[in-house]
Amino acid sequence: MDKVVSSPEEAVADIVNGSTIMFGGFGVAGIPFTLIKALYEKGTKGITAITNSPGGRLEDFDLSVLFRKRQISEVIASYPVYSGKVNAFEELYLKGEVGLELVPQGTFAERIRAGGAGIPGFYTPTGVGTVAEEGKEKRTFGGKEHLLELALRADFALVKAHKADRMGNLTYRMTARNFNPLMATAADITIAEVDEIVEVGELDPESVVTPGIYVNRIIKGEKYDVGFE
Amino acid sequence: MTSGLSRELIALRAARELRSGQYVNLGIGLPTLVSNFIPEEMGVVLHSENGALGFGRIADEGEMDIDLVNASSQPLTLKPGAAFFDSALAFGMIRGGHVNVSVLGAYQVSEKGDLANWMVTDRRVGSIGGSMDLVSGAGSVIVVMEHTTRSGEYRIVSECTYPLTGRRVVNTIITSLAVIDITPKGLLLREVAPSVTVEDVQAATGPRLLLAEDLREMEL
Amino acid sequence: MDKVVSSPEEAVADIVNGSTIMFGGFGVAGIPFTLIKALYEKGTKGITAITNSPGGRLEDFDLSVLFRKRQISEVIASYPVYSGKVNAFEELYLKGEVGLELVPQGTFAERIRAGGAGIPGFYTPTGVGTVAEEGKEKRTFGGKEHLLELALRADFALVKAHKADRMGNLTYRMTARNFNPLMATAADITIAEVDEIVEVGELDPESVVTPGIYVNRIIKGEKYDVGFE
Amino acid sequence: MTSGLSRELIALRAARELRSGQYVNLGIGLPTLVSNFIPEEMGVVLHSENGALGFGRIADEGEMDIDLVNASSQPLTLKPGAAFFDSALAFGMIRGGHVNVSVLGAYQVSEKGDLANWMVTDRRVGSIGGSMDLVSGAGSVIVVMEHTTRSGEYRIVSECTYPLTGRRVVNTIITSLAVIDITPKGLLLREVAPSVTVEDVQAATGPRLLLAEDLREMEL
């Protein structure tokens, strides 16, 4: 069992137009830059992107590049825009060229986890009394109102991890973990970009965060020296 | 009539049903024996609902560790590439459809694929454990069991009389006498054990069996 | 911040009669033997025990001792009885002296996780068409029936971990992890029994399984050489 | 009228509101500054919704690591006893009531404790982030902000006009001019900034302020 593929191009070869794709990362940390670049070069169009943020902090490397090439048509996100700067997503959104489903971040994380865990829906107190409740069923538990939220799943998850063994077991590095382990569980095909590929047996079984059962393909990522803004 | 395969040979035949690259959960009882018959080079990864992936055969006396057990509390050995996790993630794998095959024991299987494997009615209490999750979430469900009870009563029946684990969930039954698929048309007899006849199997089975076009004797 | 308490007695001192208590462990692994013994000696009665199994595999050390002393009156469990042997729970259950809520194991794990994560209820496909659906609301998602299941919480969680630092960060050992990290999140007071207490800074932040935010008290467990049956 | 406290002094005053043993989440913007004013010996543990517990001050130039950031993508330093986890566990801590205090920025707070902090209406799009989870799950919510907008409009109002983050969720407001509690009876002025009068605060506040019995000047 060897899930390592030889190139980013091969890793994304079957991502067709119209795919729903989860992209890991939070702000600047844990973003699969190499896979995003491969998708940019492939030119896949009509993507529905499920991502905490559609990019902008590292706009030459993050999802901004796909927006600028008009590859993404729908976004499900929690943090779409930043204060003080208009990102590529916002430009297209204001022109009506990209759709947005805005989700509170904890609900976003939980909906992805639910998608991976076979839970079609759950109730949360988050967002009651705000725009987040629009169109959602309400139900009272323990005297408090809650919203019914539905699972999120994708055709592909593109995640960034630190190390992978060839069976697909993954570890992460500090706050680059964020949504990556959740997204790895919630797609038909999960593709992991990692800093380092190790042999089977080199990872401590206690410290594996994403067990290989969730991972279909692995590539070694290019080294990006992105720096802080 | 012959009593058919031993428990070890049922487990061996079940191991042959697995394919390279599959993630497989082995239930409590007879199914855990299957781990002893999966060749290393096969590339099958075993899942245990108490939080392990990638374990090997049952441990020998000298290598037992109380913290490393399967769902039957039998001591395990580890293989390279193993991972540990909590019970919520273990069942997330099952319920979320990530486990390809579930091998389970049974008291009864109906011709529609209903499974009863957690409670014999006269005990008044039973243990559900992970079986209801496994039949609901696993890609396919293989039942391994003696073909009949010790007193000769059918285990493969028209309707289960014991409390159900799940409805229309079993794909294949591997018994001491035969390999049978559950199909939309009914029970399809694929293989008979060595020195067992089709008539033997039918006599030990409640519903009428359909015969596969390539019906053959098991290779063991 | 030092959560280490000096004795098992002190750790369980405020567990009053009628408390709902989660007990970690699966079969023989990850059971808080020292805390169970302290509870036995304290004599707390009328306990509702939330536990995967009410014991029996190691009956001189596991929850069996609390059943024999009639300390537990209600059980919420997934694996209450074993084949081939009648445990202390079953004896009392058949006499009508202990109540039982029987829960499929995945649903049991998920209900505890939900209790810890502020999710009051969720839908699961598990148990449809069986006794597990009795009294539960059904709802169809994606053409398939699901059951509404409710969160479980407790007054106390007694968990077994491998190492703890004094701030309450915990690691586990192999399959002794099981329900322990879930239960640690789902009680008002979580008490961890560990093999080893280390200084703050000695645990790798990447490998902490239960962050200290979930843990109120820590004791070093006694060494139990229980062996296999 | 004075412009009151600098952002740094607002953050310092907010840090004084924290207690030993608390787990505290610092929101994006002004709240992240609070991490620079929490004394080591205080025993406060900081939580970040992107998956960290137990970090310290913001990192200096030479110690930055792109993989170690707070919710504002600012580089962090680690303290002994830290832990990393995924976003589902990070929000499980918040929603499950394990985080004792949430310090958040705001555009507007109403006298009933409604909070608006994620969107200015005329931008047509905003970022909710973790704020709706924080106000719903955290033990108490402290808002830190300038007392009024740059053009002098009220931020503390009878009813928020911007989209809400949550209803009746704020406990305490710490501004450039004052410390105010939200109580069932209304806004209770507890402290005024040095060289700021009660009349200054009232003039910069929409609803009528109640005066605490022990109303005093802030100690900084």
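First chain written, first letter: the chains are A, B, C and D, and each begins at residue 1.
Here is the rule we use: contacts are C-beta pairs under 8 Å (C-beta built on N, C-alpha and C of every residue); 3 or more make two chains touch, one makes a residue touch a chain.
Everything quoted here is computed from the prediction, not taken from an experiment.
The chains that touch chain A as well as chain B are C. If each chain is reduced to the centroid of its CA atoms, chain B and chain D end up 56 Å from each other.
Chain D has its Cα centroid 28 Å from the Cα centroid of chain A.
In whole angstrom, the spacing between the mean C-alpha positions of chain A and chain C is 33. The residues of chain C that reach two or more other chains are 110, 113, 117-119, 124-125, 172-174, 205-206, listed in rising order.
The multi-chain contact residues of chain B, meaning those touching 2 or more other chains, are 84-85, 88, 91, 94-95, 137. Taken as a graph of touching chains, this assembly has some other topology, since it is neither a line, a ring, a star nor fully connected. The complete set of chain-chain contacts reads A-B, A-C, A-D, B-C, C-D. On the chain C side of its complex with chain B, the touching residues are 26-30, 52-53, 57, 78-83, 90, 93-94, 100, 102-107, 109-110, 112-113, 124-132, 172-182, 209, 226-229.
Chain A meets chain C in the complex at residues 110, 114, 117-125, 139, 141-142, 146, 150, 171-174, 204-207. Residues of chain B touching chain A in their complex: 20-21, 23, 43, 45, 47, 53-54, 78, 80-85, 88-89, 91-99, 137.
Against chain A, in their complex, chain D makes its touches with residues 29, 48-52, 64-73, 75-76, 84-88, 90-91, 94-95, 123-133, 136-137, 163-167. Taken in their complex, chain C has these residues touching chain D: 1, 113, 115-119, 165, 167, 169, 185-186, 200-201, 203, 205-206, 208, 211-214.
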